[in-house]
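First chain A sits with chain B, and in the next complex the same chain sits with chain C.
For the complex of A and B:
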């Protein structure tokens, strides 16, 4: 079981940056830098084709979630509208979880697909942030669809046909919008390959100082490495750290998590916004916990800037084991040129 | 002008030194590559060797952040004002009332 994708929506400022992180080559979403679930940014879907699409590896069991707010009144809404869709890219939409006059409803296919079932009561209301999570198991005979809203199970369908042709896998998640409630906001998106995580939040931590390694160049910005990579909304070629040789490393001290009570930390995601400078080059994310380095996978850099994600479901310095807040607050995050 | 002969040869010196000069600007102009190539070493002028690391991998990193997903309060005890015709409100601590 593993997290596949996180998006706090808090470190990007433009639609283009949002599309680099979420979409599979389509520019169908807009982005707001304020009005997020706990402040910060959020996606704004208000055009007829707007959606957020994220590709993942192929799965037959998959979970997708996010915080959604329908900004406009839903009173006139009469149609089933696509909220979270489980898709096989370019082939089929296997299962769609939608909102039907405030009820949660699941269908095989899209809006005109086969009805699988609905929640017993009205769950979704406009102008409020709801945290919606859906878990789907694909099968022609024993498929399942489970939906939680604000941490409470509202739909649990079993023994279903959840495969809508194609190869019977999900490799793409779509977060959609209500057509009648024209302004739909999404924040705190996640994808997991096994577990519904419960009513969760995604918090952003930024660099606040140089850490143990300061080996890349700082020709193009501040002499303090951290100050070249700490912008909300990356500034690209304005300030950056430039690597000139393999195995050069930078690590940074990061800000601290805001205190919350009764917390369960599901995982962290390192995000690096970088590119190579003419010669195809790889890099990897790096954690430094209690003076021990832990390396992520080797990721290729392109000739244009892109986001590179490394997820750590567990603290590698704890066995591995569960994350605790003090470790996250005390560790360094960075990268290494390969 | 005076001429003096010594063991070092003939020395000629001007006695009229009152030739003024004017300096109006001093600048330094440097020619260099516009890209991020790093000058690794400049040897003595006689060798005139400037090696560029143009064959080394070069990367640019413009943003590094970390995102943490976690469950806990306050993510699940929202407090909101009354919404749309008393259809729904939240009273805090996770309690919801739906007087429809």
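For the complex of A and C:
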């Protein structure tokens, strides 16, 4: 049981940056730096082919969620539009969850696919943020589709044929738009391989000071390493830290989470943005909790900037165990050249 | 529940907040005075329309609304019954002051006599539509409490799906004014108090005017008097409000009395309306509560968004007596909300 992807939509400022994180090569979208669900950024889909696409490893059970808002009046005359699609990249769309005049409806295939079922009542309204989550199990005979809206189950289909040809796996999620709601916003996106998480927010924490390690170079930018990597909307070669030797490390103190009241912390995702300078290089994300280092997987850098993600479902310093607010606020986050 | 929806425009009174109640296209306006009983009303200028998407699909409903127009134009749409993108049936003005019924926007399937509607005067229109092929389709129109059209064997079905999911009030050719809208399910069962035309009705809005039996929310932003944070028309959003994160916290309020109606009146239904949102991620639910007069009576569980939205609960009958409301009992009742 693991998170596969998180996107607060708060740490990027341009469509090009968004494309680096979510595109699998066909993304057409726009990005807004304000107007997100709790402020901050959001994806804006307003072209006929606009969508957000994220590739993941292959799964037969997978969950995708996010906050969506149809900014303009939702044309009640619009029939089924694809909101979250579970796809086998380049092969098939197995299941699509859509909005059908305010109902939530699931189909095998895309809009003209086989109807699997719909919510009992209309529960999607225009001009409001809704948190929509869909869990799909692929099977020719006992497939399931479960959809929650704003934390409440609205559709629970069992004993379904949820495989639309291909190899019967999902390795790509598409978040779409209402065709006639010409401005559809998405925020707080997630993908999980097992669980519907419930109405969730994704908070962005950025470096705010140097941590225990300051071993990379600071040729371009500030002598304070954190200040070269603290931009919302990375500034590329303007300021950065440059590694010159294997096992050089930088870790940073980070800002604090917005207040957590009764919510559960489902996981954290470290995001690094980097490239190599002509020689193939790997790096790994690093957490430092209570003076102990924890390393992520080895990730290859390309010759152009790209985002690299490392997800920690649990606090590695707690057994591992559940994350708590104070640990996140007190830990350091960084990276190590390999 | 037999009454599905009603709107006297009294709880919002403003053009900008029309979108909180209806799906709005074009530029309809809300004027705070000058309606049927000198309250608020909606005006449809050229190309404006508003849609009420029904919670489920219906084959038959009754719709009532006040209509005022400075003139009448042949074929000017005022009300459409839609199934998705399919216009099932529409009601149009005639140039001679009558109404006609069109299937699919092009085939006339019924009409009233002329000269029933006067320019610049409010009229109360009620339409019962059952969509089906002949001889099972039905259309019935009442104007100002008098039946003016009845055809119980009409072909009112455009297409193959004998249901509709949205009602659209619209302007086409001739601008007009609308007030006091209701939508009723005439097939909600023998136990339902309202299965037929309500007649020429009036919808009044009353707002909190005092402390009720429970005052358990916080008043961090606004007055220490809870009711004064929720008594504005139109609403003021985050300017002042009551809030609570605690399950089972309640705020109940007394309300102003209903206006007296000369000749007496029958109180047909009560809709409690609240504008509410949650402030963070996570499941947020609440319910509307009526207290008529000694016991809290709870509405359905309602789910919150992170943005303000009107939520409603309709009590066709007094939930304490399971009998019809009376003005006196309503005036003595409290209404409010409870966190779930």
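Just so we're on the same page, the second predicted complex is superposed on the first by the 334 of 338 C-alpha atoms of A that agree within 3 Å, B and C clash if a C-alpha of one lies under 4 Å from a C-alpha of the other, contacts with A are read in each partner's own complex, and residues count from 1 in each chain.
Everything that follows uses one rule, which is that contacts are C-beta pairs under 8 Å (C-beta built on N, C-alpha and C of every residue); 3 or more make two chains touch, one makes a residue touch a chain.
Just so we're clear, the structure is a prediction, and the values are computed from it rather than from any experiment.
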> So, A:101: does it touch chain B (first), chain C (second), both, or neither?
Replying inline: second
>> Tell me the contact category for A:158 with respect to chain B and chain C: first, second, both or neither.
In response: neither
>> Under the stated touch criterion, which partner chain does A:190 make contact with: chain B (first), chain C (second), both, or neither?
In response: first
> Touch check for A:114: first (chain B), second (chain C), both, or neither?
Replying inline: neither
>> Going by the contact rule set out at the top, does A:298 touch chain B (first), chain C (second), both, or neither?
In response: neither
> What is the contact status of A:199 with respect to chain B (first) and chain C (second): first, second, both, or neither?
Replying inline: both
> So, does A:128 touch the first partner chain B, the second partner chain C, both, or neither?
Replying inline: both
> Is A:240 touching the first partner chain B, the second partner chain C, both, or neither of them?
Replying inline: first
> Which holds for A:73: it touches chain B only (first), chain C only (second), both, or neither?
Replying inline: both
>> As a test of reading the superposition: which chain, chain B or chain C, is in touch with more residues of chain A?
In response: B
> Which positions of chain A sit in both the chain B and the chain C interface?
Replying inline: 73, 122, 125-129, 131, 150-151, 188, 198-201, 261-263
> What residues on chain A touch chain C, complex-wise?
Replying inline: 37-38, 67, 69, 73-74, 76-79, 101-102, 120-122, 125-131, 149-152, 188, 198-201, 261-263
>> If we count contacts the way the header does, which residues on chain C are in touch with chain A in the complex?
In response: 19, 23-25, 51, 53-56, 82, 84-85, 165-166, 168, 245, 280-285, 303-307, 309
> How about chain A: which of its residues touch chain B in the complex?
Replying inline: 3, 6-8, 11, 73, 75, 122, 125-129, 131, 150-151, 188, 190, 197-207, 216-217, 219-220, 228-231, 234-246, 250, 252, 254, 257, 260-279, 281, 283, 301, 305, 323, 328, 333-335, 337-338
> What residues of chain B sit close enough to touch chain A in their complex?
Replying inline: 35-36, 38, 53, 55-76, 78, 80, 83-84, 87-88, 90, 98, 100
